[in-house]
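Here subunit A shows up in two complexes: once beside subunit B, once beside subunit C.
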Partner chain A sequence: MSRPPHAPPSPPAASDAALPAPDPAVPVPVRALPLWANPRLGLLVLLVILVVVFSSLRSEFLNTSLTLEPMQADLSVTVVVGLAQLSVLSLGHMNLAVGRIAAVSAFAMGWAYDKLSVPLPVGLLIGLAVGALVGAAAGWTIQATGVNSFVVTLALDFGLVGLVSLLYSGVGDGVAFHVHPAGMDSLRNDTFSDYCTGSVCGPPVPLIVPIALVAALAVGLLFRYARLGREILMTGSGLKAAELSGIPTARRVVQAHSLSGLLAALAGFLLAINNGAFSADIGSQFLLPSFLGPVLGGTLLAGGAVSVIGTVLGAAITEVIQTGLTLLQFQVEKLKIFIGLVLLAALSLDRVRHVVAERRGGGA
Partner chain B sequence: MRSSLTRRTLALSAGLLALAVAAAGCAKKSDTHSAAGHGLSAAKVGVALVPGGPHPYFQPWKPTLQKAKTDFGLGQVTFNETSGWDQTTQNSVLKSLAAHGYNAFGVFGVSPDNINSTFSDLKRQGFHVASLGSCPAGSTDEADFCLSTDVEQAAYKAAKAAIAAMGGHGKLVHLTGNKTDSNTARREAGVAKAVAETGGKVTLVQTVTDIDTDLQTAQKAVADLLAAKGSAIGGIVNTAYNPAVASAAAVKKAGLPIKVVAIDDDPTILADIKDGSVTASVVQNPVGQAYVGSYVLMKLAGGCTMRTPGLTVDSGSFVVTSANVGTYDNDRQAKTAQLKKDFDGSYLSCAA
Partner chain C sequence: MTYLADRLVKTFPGVRALDGATLRLQPGSVHALLGENGAGKSTLIKIMTGVLRPDGGRILVPRDDAGAHGKEPGPATDLVKGPSDTDAGLHEVRFSGPQDAQRAGIGVVHQERNLIPAFSVAENIALQSTPRRRGLVDRAAMRELARGCLDRLGVRLDVDRPVSALSVAQMQLVEIAKALATDSRVLLLDEPTASLTAEETEHLFGVVRRLRDEGRAVVLVSHKLEEVFAVADTVTVLRDGRSVAEAHPLADYTQEEIVNLMVGRAHAARRLDKAPVAPGTAPALRLDGVATALGHRDVSLSVRPGEILGLYGLVGAGRSELARAVLGLHPVTAGTVQVHGRPTRITSVGQALHRHRIGYVSENRKEEGVFLQQPLTRNVAVTVWNRLSRAGLIRDRDERDLLTTYQERLGIRLSGPAQLAGQLSGGNQQKISLAKWLAADCDILIIDEPTVGIDVRTKAAFHELIVHLASDGLAILLISSDLPEMVTLADRVLVMRDYRLTGEVANDTHDYDSTSRAIGHLLHAAAV
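Entry: the complex of A and B
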C-alpha cells in the first residue's frame, strides 16, 4: 500500500487497501493492482505457508494447549502493542515510550487492585486513563515545542523508567503487586473451550483474545471511517495541507498520542494477565515488537497510511516464526540469526511479489 | 454516515464482548488436566533445565545435566537458554519443551514476581517443576521445591568478608544487578544487615544497580565510580557476576587500595584471589542445583511427593579466599552430596 502522490491536500490513505474505498473524495489509483498483489493477502499466504511448514516439521506445532493457545495469548499482547505504535505512526511520529507507558499504567492498575480492591474492569479503566493521559502529555509536548517525537518519547521513556522504579519501591510491594482480582485467573487460564452449553463447548481460544480483537476492530474502524481517524491520517500525510484544510492538527497530534498511550496501557494489562502479576518489568520488551507488526504489515513510517489488518498479520507472522523456531529447538545464537533470516526472506518475497505485480499492472 | 458507522463499530464491539460474556455464563468444565507423569520409571522422565537466558552462571548446568542423565538413567534431558531474559519468551519455551515430551522442568525464572504463575500453569498440566537458582518473590512457591542460593545470606557473607578486609571501618560500595528483580532487594538487605552490625563504623556510600546486563555496562559503571570516588572507597562488595569481573580488573589496573569481594568462581576471579587483587569471592553451587534438582524431579515423577510442597532449600554459598582457593570445591561437592541425602531423608516422601 502506498500513499497516493496527489497533493494538496494530500488525501489520507485507506487504512486497509483490502477494503473498498467508499469516500468519493479519495482519488482512485491510476491503475488497480490484481487481487494477488494485495499486500495483506500476501502476508496471509505467507502466514499459512509458515504454519504449514512448521506443523509439517513438528507436529507439536498444532498442540492445542501447549502451542496454539499460548501463542494466541501472546499474540493478543503483540497486536495491541503494534496498534499502540501504529496510532502515532499514522502521524509519521514514533512512540519510544510504549513499554514504559504500559509499565506506569500497569502500576496504576496493580495499585488500584491492591490498595483500593476495585473490580477487574474498574482497574483496567484506571490504567487506560493513566496511559491515555501520559500519551496525551507526550503529544502535547511534541506539538507545543515542535521537538521531534523521537526525542520527546525517548526522554519520556527515561523519565518513566525512574518513576516506575520509584513508585514500586515507595508504594508497591517491592517490584510488583501480586494481587489477583476476581476474574483475573479465569482470564489468564481459561479458553472458550472450557465453557460449555450442554455438550457444545467453545473454540480453544483464550478469553483475552476478544479484548485484543475489539481493540483492533475499533482502531481499524477509527482510521477507516471516523472523521477523527481520517484527519489524523491527513495530519500525518501533510501537516501544512491539513492545517490549510481546517483540521485542528495540534489537537489531532495530542489525540493520536493519547490513543497510543491508551493502547499501550491495554497491552500492559494483557501482559500482566498473561504473566500473572502487575510488575515493574512489564513493557520492557515492547519496543521492537511495537514496530515489527505495523512495519511488516505495511504501515508507513512516514505517516499518512496505516494498516490494522497488516499489523495483526505482521504480529502473527512474527509470533509463528518465534514459536516454530523454538519448537525446532535452535540454540540461542542460531535462533536469533534464523528469526532475522526468516523475516528478511519473508519481506523480500513480499517485496518481489509487489514489484512483479506493479510491473504487470503497468504493462496492462 | 458517521453516526451509522459509529453504531456499526459499537455493535461489532458489543457483539464480541457479548460473546465473551455469554461464554463466561456457560457452565465451566472441570479444571483438571491429564497428569503428564506420576509413577514413571527414570527412563520415562524427560528433564529440561531452563535458565532465564544466556549467562556464565548457568554453564555448569549443561555438563551436570548430562552426568545426571547417566547417573540416574533419565530418558531425555535438555538445556535450553533461549528465553533471552524475557518472561513471555520463557513461558513459550517451557510450553514448547512440554510439547516435545519433557515432563519435568528445572527453571530459573526470568521474573521472580511472575514465575509463580508459570509454575502453576505447568503444575496444572501435571508436570513437575523445580525452581532452580532463584526462588519466586514473596512467601509462596508454586513449584514443587526451590533449590537456590539464599541470596540474602550470600550477600551478607560477602559484605562481612569485605568489612573484615577493610579492617572494620570505612566506606563500602555495593554493585549488583537488575533493580526490578526482587532478588536484588534481598541482596541489598543482606549487605545492609552486615553494614548495620558495624554500628556506624562502616557506611554504605552507594549501591549501583542494573549493571549486570553485560560486561561493558559493568566496566563503564565501575570506571565512573572509581573516577568519582576511587580514593574515598575502602571496599567494593559485588553481588552480581559482571560487576565482579569489571571491578576486580579496574581496581587492579588503577592500583587503588580498595578491597574487592567478588561473586562466583570465574577463572579470572580465582586468579585474582591467588594474586591478592581480589580479597574474597562468594561462590555458589550451580552444579548442586542442576544435579540434585534433576534427581529430585526424577523422584517426584516416580511417585514421591514433597513433604512440604514449595519448600525452599539453600544450595549453599562458600567464601573463597587465598587460604582455601585450591580446596573450596571439596566443600561444594560435600554440600551437594548432603543436599541429596537431605532430600532423600527429610524432604521427600516416597511410598516403599
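Entry: the complex of A and C
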C-alpha cells in the first residue's frame, strides 16, 4: 500500500474523514483483492487439478462416450438448478422447493405431451409457465406475510410432495409419462458430433448443453446489466435502502422467486430429457446441488451479490468429484462422505484465502 | 452520600462531547439534567453508567458504596480533596463496564427499552440479581423479589406476565423496579415521559417522588420543561459539554431563564450567506392541513425553489414520519399535498421520485441511505437505471461517468468506482446518499438529520453544499434536531412537537441568540 509522502503516518483510515477540502485530484490507491484471491480463479484451478488427478488415476475419465458426454448432460441440469437457487439467493432468500417445483412442472409437461400431444417446445413453455407461477406464488406469500422464505418454501415443498404424487396417481401407471414427443430422443442421445457436413463433425457435446448455456448467459446478463436484475440485487443488499431509492421491492421479490421457479422447471425438463421420462421423482435430488454450485461459486447467502460463472464452476467441480470417485469405484455411501469433505475443504480454503487477502490488503 | 461526576471530559473524533461537565447528586432529591441536543447529556449518562470511560475528570461515590466494588484507581487517591467539604468520605471509582456502575449503586432507565420481551415481569426485574438455589433459578424467591420491588413503587402488576404484553408505561415501571432490585442509590431516567400519556406521566412522577422520599437520588432527563418544573428540586444545565448551571435549586429559575441557559452559546453559529427567495415564487411542495394515520394533525407548510425550510423538533416528534408520508410510505388521511401547484396523492417512493422528482436523504445512512455492500457506481445510479438502460441493458461506462460527475461536484473522496460504499467515511457516504437524488434530477429534496455522526469539519462542508444546492434552485426541506445547524442553514424554521407544528420562526435576523431562543420556546412551551 503506497501513500503520499506528506500524509501523516497514522491513523490511516480515520484521517480521511477529517481532511477539510476533499481534493479529487489526489488519487487514493485502489485496494482491489489480488488475482490469486479471486474466488473464481481458485475454482478454475481446483477444477483443473481435479481433472488432472482423476484422469491420471483412471484413463476412462477422459473417455468421451463413457464419461465426458454423460457428465456434460448431468452438468447441464445441475447448473440450471444452481441458477434457480441463485435467483433467490440474490435477495438473501432461499428456495427449498426447487426440486418440487421442478416435479410439478415436469408433470405439467409430461401431461401436455401425453394428453394434448403438443410439440416439444410448446410443452416446455407450458412447464416453464407452471414453474414461474408457483415461484411467483411463493414470492408473493413471502412479501405479503413477511414470513421467512425458508419457512414459506419449506411449506411449499411439503405441500407439493403430496400434490405431485396425487397428480401422478391419477394418470398412466402412476409414476411417469412414457411419452416421447418428436425431438426428445435426439435431444437425449445425440451430440453435435452426430451431425456432420461432409467430413466435418461437431464437438462431442450433447444437444441439451446449449440450453443450459443460454440459461446461464441470460441469468448472467440479467443480474449484471439489466435494471430488473440489479434492482433485485439492491433489494437483497438492503431492503429499506432499496425501498427508499424508489425500487418496487415487493414486485422484485415476486419476480426473483418467479424466475427461480421458471429455472427449476427448466432443470426439471432437462432431467426428464436425460432420464427419458417425465416421472414423479424428478427434482428429488435437486436441493443440495442447488446450493452447492452458487455457494462454492461465491454467491452470498446474505444476498446482494451473485456469480453465474462461479455457479457454473462450482457445479462443474461437484460433478467432476462425483464422476471421478465413481470411476475409482467408491461405494455410494463412501462417495457421499468424500463429496461432503471435499466441499467443506473447498469452502474453508476459500474463506481462508479471502481473510488472508483482506489482511494483506490493509483491511479495506 | 453525594454522588459526584467531577469535571468530566470526553472527546470523540472531531467532537468534544464533554468539556468539564459536573453533575452533583444529593440523596433524597430529584435532579433535572437539561440541555439541547448535542449538549452532552447522553455522553454524561453513558459515563455515569460505565458505558463510556471519560478522558478526564473523576467519578466519586460514597465510601460504603465504593467499598468492595469499583476498581480503585491507585494509591493516594483514597483521600480525595474535593471542591467542597461535603465531598469528604467520597471515593473515586473507575467503571470498566456497566456492571461496575451498577454495583456502585447507579441504575439507569434508558429511552430505548432494555427489557427482554419474551421474559416475564419477574424474570426481567430479577435479571441481574436472580436468586438461585443449588445452581438453579429459585422462581419463588424471584417472584417475591419482583413483587417487593413493585410494591415499593406502589405498582400493581402481575409478575408472571410477559413484558411484551405490557404497555409502554408499564414497561418503564418494570425497568425502574429492575433498578431497585439491584438496590440503585442513583436512578437515571432518560426521557421517561416521551411516550406516556398525561395520566401515566403523573403516575410515574408519583413513583419518582416515592423514590426520592426513600432517600435515593433521581436524575430526570427531559425536554418537557413543564414536567421538569413539576417534579424536580435541583437542576444542572449542560451547554456545549459544560455545565452552565450546577446543581442549582430549580425554584430560582423561570422556564424562560432555563431555555436561555440551554441555548445561549459561547461560539454562536452563523447563518451561511444565501440569496433570498424572490417574493412571489410559487411553492414546489405544499402541504395543507395534512393528517396521517400515524397521528399528524393539521400540518401545513410550503417550500419554494431556492428555499431551505427547517423542520426542527426532538427525536420522536414525527418529522421523519411526515417526510415518509409525503413520499407515499404512510397514507395521508386528510388535507392536500401539492407538488408544483398540482394536488397529488403519492403512493410509492418510485412515484415520488420518477413522477414528482422528490428525493429523500434518510437520517439512517447505513441502513437506508446507502447500500454498504454495493459499489459506489450502483449506489449513485440506482435511481436512474430506467434512464441509463439501452435496449434493457446498462453500460458500466455510463455509471462510471455519472459517479465521476458527482464525485467532482460534491467532492467525494473515493479510491475507485468499484469501491464499496461501506468503505467510505460517514461524510462521504452521506454525499453518495445525496448524489443519487441529484443524479435523478430531483428538484425537491427532503434531507433528514444530514450531519449526525459526522465530524465538525465535514459537517461545515456539508452545510455549504446544502446552501449551494438551494442556490441552484432546489427546494429543500431540512429535518434536524441540531439547533445550530438549523440557524446555519434554514430560511425559516418550523417546530414540530407530538406530530403537530407548534409555530414558525423566520431566520432572518442574523442574531443567533434571538432566533435560537424563539425556536427553543416553541419547542419547550407547554402543549396547549
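Rule of thumb we're sticking to: the second predicted complex is superposed on the first by the 327 of 364 C-alpha atoms of A that agree within 3 Å, B and C clash if a C-alpha of one lies under 4 Å from a C-alpha of the other, contacts with A are read in each partner's own complex, and residues count from 1 in each chain.
Simple rule for what comes next: a contact is a pair of C-beta atoms (placed from the backbone, for glycine too) under 8 Å apart; a residue touches a chain by one contact, two chains touch by 3 or more.
In this text the structure is predicted, and so the values were computed from the model without any measurement.
In the superposed pair of complexes, A:L344 makes contact with neither subunit B nor subunit C.
When the two structures are aligned on the shared chain, A:V147 is found in touch with neither subunit B nor subunit C. In the superposition on chain A, A:L66 contacts subunit B only, with no contact to subunit C.
In the superposition on chain A, no contact is made by A:L301 with either subunit B or subunit C.
In the superposition on chain A, A:M234 makes contact with subunit C only, while subunit B stays out of contact range. Looking at the shared chain after the overlay, A:L207 reaches subunit B, while subunit C stays out of its contact range. By the touch criterion defined above, A:A176 lies against subunit B but remains apart from subunit C after alignment on the C-alpha atoms of chain A.
In the superposed model, A:A226 lies in contact with both subunit B and subunit C.
In the superposed pair of complexes, A:L217 makes contact with subunit B only, with no contact to subunit C. The intersection of subunit A residues touching subunit B with those touching subunit C, taken from the two complexes, comprises 221, 225-227.
Considering their complex, residues 60, 63, 65-67, 70-71, 74, 77, 165, 168, 173-176, 178, 186, 188-190, 192-197, 201-202, 207, 210-211, 213-214, 217-218, 221-222, 225-227, 271, 274-277, 279-281, 284-285, 322-323, 326-327, 329-332, 335 of subunit A touch subunit B. The touching residues of subunit C, counted against subunit A in their complex, run 13-14, 327, 329, 348-350, 352-354, 360, 362, 364, 367-374, 378, 382-383, 385-386, 389, 392-395, 407-408, 411-416, 418-419, 423, 425-428, 436, 454-455, 457-458, 461. Interface of subunit B with subunit A (complex): residues 2, 5-6, 8-9, 12-13, 16-17, 19-20, 23-29, 31, 33, 53-54, 78, 80-82, 84, 86-89, 91-93, 95-96, 98-100, 111, 113-114, 116-118, 120-121, 124-125, 137-138, 179-182, 185. Across the complex, subunit C is touched by residues 14, 16-24, 27-32, 221, 225-227, 230-231, 233-234, 237-238, 240-248, 304-305, 364 of subunit A.
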